[in-house]
Amino acid sequence: MSAARTAILNDIARGLGRAPLDPAAQAAVTRRIDSRTRNTVPLRGQLPAAEQRDLFVSQAQAMGATVNRIGSTETIPDAIADYLAGHNLPTELILSPDPDLTGLPWQRRPLLSIKHGAPWPTDMVGVALAVAGVAETGTLVLHSGAHASTSLNFTPDTHIVVVHGSQVVGAYEDAFDMLRAKVGPSWPRTVNLITGPSRTADIEQTLIMGAHGPRRLHVILVENQTA
Amino acid sequence: MNFQPLDFKANARKAMADPNLREALSRVQTNFSGRRAEAVARLPEFDQLRHDARAIKDHVLAHLDVYLERFEQKVVEAGGHVHWCRTPREARETILSLCRKVEAKTCTKGKSMIAEEIALNPFLAANGVQPIETDLGEYIIQLADEPPSHIIGPAVHKTKAQISDLFHEHHAKLGRTQRITDEQGLVNEAREILRQKYFDADVGITGANLLVAETGSSVIVTNEGNGDLTQTLPKMHIVIASLEKVVPTLEDACTILRVLARSATGQEFSVYTTFSTGPRRPDDVDGPGEYHVVLLDNGRSAMVGTVLGELLRCIRCGACMNHCPVYQSVGGHAYGWVYPGPIGAALDPHFIGIEAGQHLPQASTFCGRCEEVCPMQIPLPAIMRHWREQSFSARVTPPLQRYAIRLWAMAARRPALYRLGARLAMGALALAGRGRGRFARLPLAGGWTAGRDLPAPAGRTFQDQWRGARE
Amino acid sequence: MSAEPKTVALFVTCLVDLFRPSVGFAAVKLLEDAGCRVVVPAAQTCCGQPAYNSGDRGDAIAIARQVIEAFAGFTYVVAPSGSCAGMIRHHYPALFAGDDEMKSRADDLASRTHELTSFLTDVLGVNAVAAQFDGTATYHDACSGLRELSVKDQPRRLLASVAGLDLVPLPNAETCCGFGGTFCVKYPEISTDIVSRKTADIVATGAGTLLAGDLGCLMNMAGRLQREGHDVKVRHVAEVLAGMADGPAIGEPA
């Protein structure tokens, strides 16, 4: 235990007028953390499921993302190929190494060239899978792991994210509950909440897209299947 | 450029004479303040969220030692390290020794006010580790060798033309000789230059908007994505955070994040909110191999339980300065220390002493707008008044001001004498100002009449007339 | 209105007493028209803000004691100023934290003290005045009244009943005018810069008259408007509400 640590904890306790790490305070903290009590959750984050999806889409669009609502995972390669063609974008894709992505019927669109893993600086289009979409602000939730590259969310010019309708929730708290249920006690190294494409207003407060991260964020919302 | 807080008046004068700065500051008003108002109007629960956010921080501060220990425990469980530092020097040396451990030649840096507080960049550079700022605003002022002038818009004081000149001057040696003048072109050039630096850096340093005790996570919020590239690509991620950043749970983080972006930029949510917990796991695709949290005290533990303790709720959104009439006139550099605006006026004297920081809490109209918009409901004017009281009782307040106040108070405490004096003085003044009804110049009133006329008193005081007429 | 007239003690405020007694008489008229009996305790000077905001807590406490004493026993205390009323309501109790007896007296005075327009509307239920004012006016929300006492709608509601008055909104009406008590003489250049933004907003409305509820702010804005050569008349809102806006405006020759 470092001297600095002891000194800091002692100083804090002195200010609070009690012994450092006193048992009553420990108990209060344990209770508070374990209860995971929700504070105020905005009503817009508590809509019925169908309305949540609509809100998710409109909020994501308001934050500068484009959204394509499709029926099934089968057609994801088509949706991606059409999006890229429609925007004159490169057709080389780097996929986050998730079997749910790599196992898609990419052969349906032979013009797409597919890699997976962590991206190089030269990779221009990245495709990732979200674990949740949050309606209240149109936010995507992604996390790191053996099947997901975090740098892929940031280095390509175009970021395409697939999210399933069943994963769209109302509020951030719902997304964290889903994540807790999914990962158990081993919290991932990185959890990314992504809301629209990269931007900056550091030059005369003029909004410019594509500061360091993706210039474009395209969301593919798969409506009719559960993840 | 080297501004000192003690030179506040001269700094302010210089700032108000700078037309570029004036234009920039008027943009702060329309953009930040205007958009905040719109964002708040769109969320009916905003006030309730502020109330909750305040309660979270008050709870944390009442159990701060325990929360820090829980946070540390979780960081260690996830394979990371926490370094407790009492002083800026301890923090700087800790960071340098971590950089040396991986033989770092360069480190990329996300925006961090704590890095400014501990003056990290010059220290690293002097010791052979080149710090590279990656937030565009920070990158611009690093090129200009200036401190930030705003806590969320470090380069708000720079014009596009000045930035164009800076890029032209500094990027020429990188083979980019063409002058770029449009915003998109400037952003693209910085993006291209910094891109390789992210991949080349050995260490990535970020700040933290929050620390989460439940999971041992540090949280950063950016719009550019620079903080993510900074922490994901190098071998080591170092987080610099002051100790009041801790919150209990992810739920509590959600509440504070809901008020943060809305208060800061008027966005519904920032583009990238990232929770980082320990180093990359053995089978992770990418991520840093080491994760270190440098936890800075720098006198904060001594604020707990005092009148200054409320400042520890601050989430550094910048709303107070965006809405401050004084900040809008003088900008951030005039304050002369790391934190400008109302939060700086309340906080800086704690770090630099009331003698050096004496102007900062005095230079406020006490209009109360800062407290009104503060998402954490920090009573900033009351804390500035606390410093004024310290200043007065320690005789830091200049003698002339002290005597003037004491003399006036002496009169105000003797109503009969006061009425007599007022009758005579106002009678004389009224006589002198009878022709125009106001004074353009008046002995001893130069402070007032330098910029405005002084209305002349009517003549007989109210008390005098009332007592004459009714009693 | 009950038959028994309410007794109101007027806290004149030092600036009104010294510089513009007409505001005090306007307040008296408004209160008397609303059925009140007005008394003016002799032992009043100032609320103590200059000392309090300069960090001179000792003198602020001494002056507060004097005000608490002078206004003891009155059911209502009314000031034609949000700043002075705010001082009494919010800051007096804080000055006596730790002194139970004085704290309870300060709390008691605080609960009886009101800003003029807020007293007329919120306490007395007055929604209209019998006054005439021909012209266009705009209204600035002085900071203390707005933020410490929530005075916002009250003066506007009363002004809406003034015959002939066209009230136009002031952009950034809630932004400080730069007066700030002793601030304006300690940091005159900054204060001048702030008030110049305010005068630009005022002039942009095209209104012939500027109104507000605090004399300090009014003197600051009037002084700057006049220095800049603008012909905007500046008056305390009470003068217009009382139908006593026929005398010279602030800073105008008699």
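As written, the chain order gives the labels A, B and C, with residue 1 at the start of each chain.
The rule is simple: a contact is a pair of C-beta atoms (placed from the backbone, for glycine too) under 8 Å apart; a residue touches a chain by one contact, two chains touch by 3 or more.
Not measured: the values here are computed from a predicted model.
*Asks:* Assign the assembly's chain-to-chain touch graph to one of these shapes: line, ring, star, complete, other.
*Replies:* line
*Asks:* If you tally C-beta pairs in contact for every chain pair, which pair wins? Let me know.
*Replies:* A-B
*Asks:* So which chain is farthest from chain C, going by the mean of the CA atoms in each chain?
*Replies:* When every chain centre is compared against chain C, the largest gap points to A.
*Asks:* Indicate the whole-number Å distance between the mean C-alpha point of chain A and the mean C-alpha point of chain B.
*Replies:* Centres of chain A and chain B (C-alpha means) sit 29 Å apart.
*Asks:* Please tell me the distance, in whole Å, between the geometric centres of chain B and chain C computed from their C-alpha atoms.
*Replies:* Those two chain centres are 33 Å apart.
*Asks:* How many angstrom between the C-alpha centroids of chain C and chain A?
*Replies:* Those two chain centres are 53 Å apart.
*Asks:* Would you mind writing out the residues of chain B in touch with chain A in their complex?
*Replies:* 24, 27-28, 31, 43-45, 48-49, 52-53, 55-56, 59, 62-70, 78, 83-86, 90, 134-137, 140, 153-156, 158-160, 163, 183-184, 186-188, 191, 194-196, 199, 213-217, 223-226, 228-229, 232-233, 243, 248-252, 254-255, 257-258, 265, 268-281, 283-287, 291, 295, 297, 301-306, 309
*Asks:* Once bound in the complex, which stretches of chain B touch chain C?
*Replies:* It comes out as residues 9, 12-13, 16, 325-326, 328-330, 362-369, 371-372, 385, 387-393, 397, 401-402, 405-406, 408-409, 411-413, 415, 418-419, 422, 425-426, 434-438, 440, 445-458, 460-463, 465-467.
*Asks:* Can you check the complex and tell me which residues of chain A touch chain B?
*Replies:* Counting only chain A, the residues touching chain B are 2, 4-5, 7-9, 11-17, 20-21, 25-26, 28-29, 32-33, 36-40, 42-44, 59, 62-63, 96-97, 117-118, 121, 137, 139, 144-151, 153-155, 171-173, 176, 186-206, 208, 210-214.
*Asks:* Once bound in the complex, which stretches of chain C touch chain B?
*Replies:* For this pair, the touching residues of chain C are 12, 14, 16-22, 24-25, 40, 42-46, 48, 50-57, 59, 62-63, 66, 70, 143-144, 147-148, 174-176, 178-197, 219-220, 222-224, 226-227, 248, 250-254.
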